[in-house]
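First chain A sits with chain B, and in the next complex the same chain sits with chain C.
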Partner chain A sequence: MSKSIAEKKHWLISQTELESWLDGIANARTLIAPRQVSGIMRFCQVEKSDEIAWHGKTQKTKLASRPVMSIKEIFFPPTERMFKIKKNRQEIHLEETYPDWETIVFGVRPCDARGVKLLDALFLDTNPVDSFFARRRGNTTLIGLACKDLGPTCFCTSVGGTPNDSHDMDIMLYEKDGDYVVEAVTEKGRFLILSGEWKETDLGSRQFNDKEHFPVPEKGRWPEHFNDEYWSRISERCLSCRACAYVCPTCRCFSVRDEIIKPGEFERIRCWDSCAGENYRRVAGGHKPRAEKSERLRNRFFCKFYYYPEQYGLGTSSACTGCGRCIDVCPAGVDITEVLMDLEKSA
Partner chain B sequence: MNENPMLPYLGKLVEVRDLASEIKLFRVELQDGGSEAFKSFQPGQFAFVSAFGLGEAPFGIANVNGRGPAIDFAVARLGSVTTGLHELGEGDIVGVRGPLGNWFPMKKFKGKNLVVLGGGIGGAPLRPVIQYVLDHRNDYGSLSILWAARHPSLLVFTDEYDEWRAAPDTNLHLTVDSPDEKWDHNVGLITQLLEKVSPSAENTITITCGPPIMIHFVTKMLQEKMGFPPKNNYVTLEARMHCGMGKCGRCNLGEKLICMDGPVFNMEEVGGLLETFL
Partner chain C sequence: MSYEPRIIAFLCTWCSYTGADTAGIARIKSPANIRAIRVPCSGRVSPELVMSAFNQGADGVLVLGCHIGECHYDTGNHRAAKRLPILRSLLAFTGLEPERLRLDWVSASEGERFSKIAIEFTEAVRSLGPIHWRVDPDERKIVCKSLTAVQEILPYPETNCAAKTDAIRQKARELLVNGQVGCVIGYETSQRGRTRPTFVYSPEETDRLVWNPDCSNNLTTYLPAKLQLKKGKEPPKPIAVVVKPCDSKSINVMLAENHFQRNQVHALGVACEGIRDSEGNMQVRCVNCQEAVPIVCDTLISGDTSSFIPRLSSYAKEEISELHNATPAERMEFWLGQFDHCIRCYACRQACPMCNCLVCLYESDNSTFIGLGIGLNEKRTFHLGRAYHLAGRCVGCNECERACPMGIPIGLLNQKLAEEIEAAFDHHAGLTVSPSPIVTILSGEYKEG
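Right after this comes the complex of A and B.
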C-alpha cells in the first residue's frame, strides 16, 4: 500500500538527480549555494548547479569544510537599506523598501542553521519584530547538508550541536554511498520535493565521525570569570580587527547611518559592526567605557556565553554554534576553544 | 506602529533656540501618526531624532507630557548628526522615532522628597521630572534641584530657573567648575554642592544624570556619606545606541541593555550588574 504524499518523508536521489533538481530551482527562483569566488568559498547566487563547489569537483573543498562566511548574511546582510529619503528643500519623503524575493539556500550546514535560529530569538521573538529579517526569513527555504566529519576547527558537538541535526532546516540531505537521502523537515520544504519522481526510502543510519569534546564553562559559571586577569593576557594577541564578529553566525551588532544615493536622495542603512571596535561604546562627550582591548574581547565572549543567552532567553544554551570560523579567520591566533578550555581549567 | 520600527515619524521644528553654548533646544511638532505614538510618553523616555541625510541619534525627551503638543530635545553639537541638527531652523523637518525605554516611576515617588542632580546636558532628561513635579506639586514633598556645569555658559534651561524657584517647597542650587566675573553662585563640583546642601535621606528619592564620572561620585557620596539606600538613588544612563529596541547590541551594560532595561535604573539594579557604566 502506498503512502500519501504528506506521509512520505525520505527519498533517495543520485548526484545527477540532485543537480537537475537544483537546476530546476535555480531556473525559477534565487538559488544560493556554496561557490568558489576568487578562490574563496562563499554562499552566493548560482544560475546552474555546476557552479556549486561540489566535493570532488573542486580539489580545494573538502566535505566538512564550510564557506568562509555563514548564512547570516542571507538574512542579515552586511549592509541593508532601512528606507529611502527624498529631500527637496523643506520637504522630506520617506520611501519604504523591503526585500521581497523567494530564496532557496542549498548546502546549509547544521551549525549555520542553528545560528539563524539563535538570531530569531533577537530579531523575531523580541518585540518589536525586525521587519527585514522577518521578510527574508519567511521568504527563504533552507536545504541542509549533513556533515560526516568535523572539520579541523569545528567543535559543534562541544556546544550542543550535531553535524547531522536537521532541526532548523526545511529539507535535509544526508550523503549515502555517493547518493543522497532527502528528508522533508517542514511543510515549506515539502513544497520543493519532487515526490513523484524520486524513490522513497528510509532514513537509515546517520553516523558521523565525532572528535573529542572539550568542556565549556556552564552559563551560570561565567560571572565568576569576569574579573579574571586572564582577559588581559589573552587580549594581548587581539588586534581589535573585528573579523571574528563578521564571520560569526550569531554576532549581530550593527550601526545605522545615512548614505547619499544622488543629490536629494539618501538611504538609511544598517551595517555590521562589532564590540571589538574602539569607538563602539563611546558615549556623548567622548567618554569611552570599555576602553581596554581586554574589556572588549571579554565582552564578545560574555555576549556569546552569558549576555545574549540571558537577554534573549536561550536558557542554558550559548550563542556559539561551534562552527570554528573565528578560529580560521583570526590573524592573531585567538582561539575560542583555547579560551573556553583555559576558563574551564582556571575554575 | 509602522511595520518597519526603524522608520521615524516626520516632525516640524516649531522652535529652535540656544539653550547654552553649543546646545540648542529643538521643539518638534509631530505629523501623521507621530502625535498618536507619542501621546503617552513618560518622563525619562528617549527618542531618536533624524537629521535626514546624515543619520539619527538618541536623545532624552526634555519636556513633560501635557504642556502642549510639541516634544523638546536638547542637543549638544558633538558629532555629524548633532551638527546637522544645529544647522536646521524653524520650519525644517526632522524625524522622530520613539518613545523608547523605561521611565522614572513618578507615581511611585508620590509623597517623597525629591533631589534632582543634573550635570551639563545631563539636565535635559531631568527637566520633564522637574516639570512633572511642578505640574503635580501637591503630590510630592520638597524638591531640591542641584544643577551643575563646567562653566556658566553651559548651564541649561536658565530661563526657567525663576519658574522653578517660585514653586512651593522647591529650591535650586547652582554650581560651576570655572566661574566668570558675573557668577554669584557656588563654585566647585556637584559633589561639593551636594555636601553643602546635605539632603536628608529620610523619605527621599534622588535622580541623577550627567557624565558617567559625575553619576559615579554623586551616587557614591549619597550612599556612603549620606545614608541613602541604593534603591532610592535613580540614574538615567546613556550609550551610543543605534536602534533603541534591543537589536543593535551597542548599549549593553553587562547582561542588561540600556535601551530595553533602562535608560532609568536605580543604583541597586546597577550595582548588581557585571559591568560598571564608568
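Right after this comes the complex of A and C.
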C-alpha cells in the first residue's frame, strides 16, 4: 500500500453526499458508527446514515462528544468465542469460529485509530500473531473524522497525537465549512471512494484549536518513580473498578476460560480483564503479588508509559493516546493528566 | 410433538425429597417433566441457583421445603420463605412470568401433596408456553428502548456552601489535632475542578476539604477497608467521614453487619440540600429524598436547610409502575436493551458501600453460577444477583447508577426491591442498626403472596 498512494487525491463532498455514500455502504456491508442509544453514544451498527449521532445534530451527550467506548471493542470484543467444542459420546469436535464479515467503521477519531495501531504491536507484530484480531483488522476499513477542537478531557497533543492525524486511517474526513474533504489514505480506503461522482479538491488547511500541552515523563524516567510514596496517596480514592481499563483504547488484558453452552456443547472464550481487579494477579496458592490497590493503580500507569512501550518496542511513544475517556468515567475522580503532571514535577 | 416443559425442582432432602419418594412408593402419578435436584435445605436455594436454572433453559423452577416449623435446621425454610418471593418479584420485574417460579412446602409423608403440586405447577408452566429467558448471543439482535416516563428536571437551586466548607474544615482540624481520629475522609476539588473523595491525615491539610453541590460520592464505601484489623498491627484509629443523609444510612447497615464498631467512626453529617448531576440539575435520588439531616451523625454541619425541598416527585416510582404495566416480554426487552450496554467493569459494585464481600460471588474463579463472559446472560445474572444481594440493605444513595459509565438505570432495580421489602417487612434499610429482613428468621411480619 505504498506506491499508488503517491497519487492520492482529495475530494470535497457535502453532508448530503456523505450521508448517501454512507447509506450505500450500509446497504452492502456492515457499517459501524457512533450512535445515540438510551442516553449514551456508542459505536454500533447502523442501517441508515440518519441513525448516526452527528455532531451538532444530536443533543449533548453525558460525556464528551466522543463515544463512551473506543473502537477497541470492534477488534477486540468484550467476549470472543475462540472455538466451540461439541461432544457426542466418544467423539469430540472442535469448531473454529473466526469472525469473517467485512466491517466499515465511520467516525473514528485519530486517538482511537492510534489506539488500534498500538494494539497491533502486541496482536499482529509480535509472535504468535493473534488470528482473531488479525482477521478483524483485515476485514475492517476505518473512515476517520478529524477533530477541530480538543474536548474538555482530551489531551492527545500532549502524548504525541494530533486531532487531524490520518496515519492510522484508511479514509480521512476533514470538516470544512459544513462540507467534508475526503482523503484516501490506503488502497483499502480508495476502494470505497466514489471518485467518479465527487468533486476533486485540495487538502487545504487542516487547522484545529490546540490547548495547552503538559509535559509527560520520558519512558526512561519511570522506573525511578516505582517506589514513590505518591502511588499510595493517589490511589486511596481508587475504587478498583475496571471502568478506566475497559473504556481505554489500548488496555488489552484478557482472561480465557471454558464454559458450557448447553449439555454436550462447550466454548472457549476470552473476555476482558483488568489489572485493577484484586484477583487479576492471583497465583496458585492464593498469593496476590499486587494485593494493594496502590500497586494496581501504579501498574496501570506503568503499563501505559513504561512496560508496554518497552516490551513491544514503541520507541518514545507511550501506550496512551490521550483520549481522556478514563478521566470521564472514573467514579472517584482519578485523573491521568494530574498523575503525569505530578510525576513530572516530583522529578 | 407437543410442548413438554422442562422443570427443575429443588427438593429439600429431609422433607420434600422424601415426600417425592413417598409419592413414588405409593405409585401416585407425578409428571415426568420434573428434574429433581436434592438440596440440604430449601434455605440453600440461592437466587444464583434459580437464575442459573433459567439461564440453562428451564421453563419453570419449583422449590419445595419442609413446612414452617418443621425444618431440620429449625429456620432454614424461614429464609427460603422470605427470599424466594423477593427473587420472584425481581425476576418478574425484569420480564419473567412470575408463575414460572414457585415455592411450596411438602413434608416427608405428603406424597399426594407432592404429586398435586407437581401436576399443578407443570400445567401452569405448560399453559405459559416455552420460556424466552436465555439469550442466544448468536441470534438475538438487541433493540434498546427507553421508558416514556419523563424524569422531572429540577434545576439546582443556588446554595451557599462556604459556611459548611468552613465548618467541615474546622471540625476536621479539631478532630485531628485532638487525635480523636487518624484520618478524615471528605471531598476536595481537583485541578480540573471536579469534586472527588480525599483523605486528610494532618491538620495542615484540612484546607483541602470542601463542600459543594457536586459532593456525590458515598464516602462510607472506603470505611470497611480503612478500619480493617490487620494481623500484627495496631487497631486503626477512628476515622471521621463526611456524610450526607443518604450516605449516613449506610453506616447503620455496615454496623448491623459488624464491619466496624460505632466508636470507630466519627460521622461529620452535612445537612444536605441535594446534589447536582453532571448536567447541573438535581440528582434523581435527591428529588425523592425525604431527609435533610443525617441519621447517623456525631457532628452536624447544619448551615442553611431552609432551601431543602422535600419529596417533590416520584420519578423512580413512575418508571417502576410503567414497567409494571408493561407485558413481561416488553419488560424483558427493556432490561436486555439496558444490560446490553453493560461492560462488566464492576464500577457499580465497587462504588457501592454495601457490596463489600471479599471476593464477589460473580467474579470468583470457581463460581459456576455465572460465566466470566461479558455476554447478555452473564450481565443480566450479575445485575439481578447484585440487586438481590442488596435487598433490604440498599440505602438508595444511587452511586451505582452514577458510577456506571454506560448509563444503565441500575437504581431502578434497587428501588423496586426496596419497595418490595417495605411492603413485605416494613423495613427501610439504614434507618436503624438492623440487618436486612431477608437474612433473619420469620417473626410474623411476612405476608404470604
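Basically, the second predicted complex is superposed on the first by the 333 of 347 C-alpha atoms of A that agree within 3 Å, B and C clash if a C-alpha of one lies under 4 Å from a C-alpha of the other, contacts with A are read in each partner's own complex, and residues count from 1 in each chain.
Heads up, the rule we're going with is that contacts are C-beta pairs under 8 Å (C-beta built on N, C-alpha and C of every residue); 3 or more make two chains touch, one makes a residue touch a chain.
What you see is a predicted model; the values in this text were computed from it and never measured.
Aligning the shared chain A places chain B and chain C next to each other free of steric conflict. After overlaying the two complexes on the shared chain, residue contacts for A:K345 are found with neither chain B nor chain C.
By the touch criterion defined above, A:S255 lies against chain B and chain C together after alignment on the C-alpha atoms of chain A.
Touch criterion met: A:G333 reaches chain C, while chain B stays clear of it. Across the overlaid pair of complexes, the angle with its corner at the CA centre of chain A and arms to chain B and chain C is 80°, in steps of 10.
With both structures placed on the common chain, the touch criterion links A:T79 to chain C but leaves chain B unconnected. Superposition on chain A places chain B within reach of chain C only down to 5 Å, the least C-alpha distance between them. The residues of chain A shared by its contacts with chain B and with chain C are 255, 257, 260.
Of all the residues in chain C, the ones that touch chain A in their complex are 56-57, 144-146, 190-192, 194-199, 217, 221-222, 278, 337-338, 341, 343-347, 349-351, 359, 363-365, 371-375, 399, 402-403, 405-407.
Across the complex, chain B meets chain A through its residues 1, 3-8, 10, 50, 52-56, 76, 78, 91-93, 95, 120-121, 211-213, 238-240, 242-243, 245-250, 252, 254-257, 274-278. Of all residues in chain A, only 82-83, 85, 87, 90-92, 94, 96, 98, 122-123, 126, 128-132, 223, 226, 252-258, 260, 266, 268, 270, 273, 275, 280-287, 289-290, 299, 302-303, 306-307, 310-311 touch chain B in the complex they form.
Remark: chain A residues 37-40, 42, 62, 68-69, 78-79, 153, 236-237, 239-243, 245-247, 255, 257, 259-260, 262, 269, 271-272, 274, 277-279, 327-329, 331-333, 335, 337-338, 341 touch chain C in the complex.
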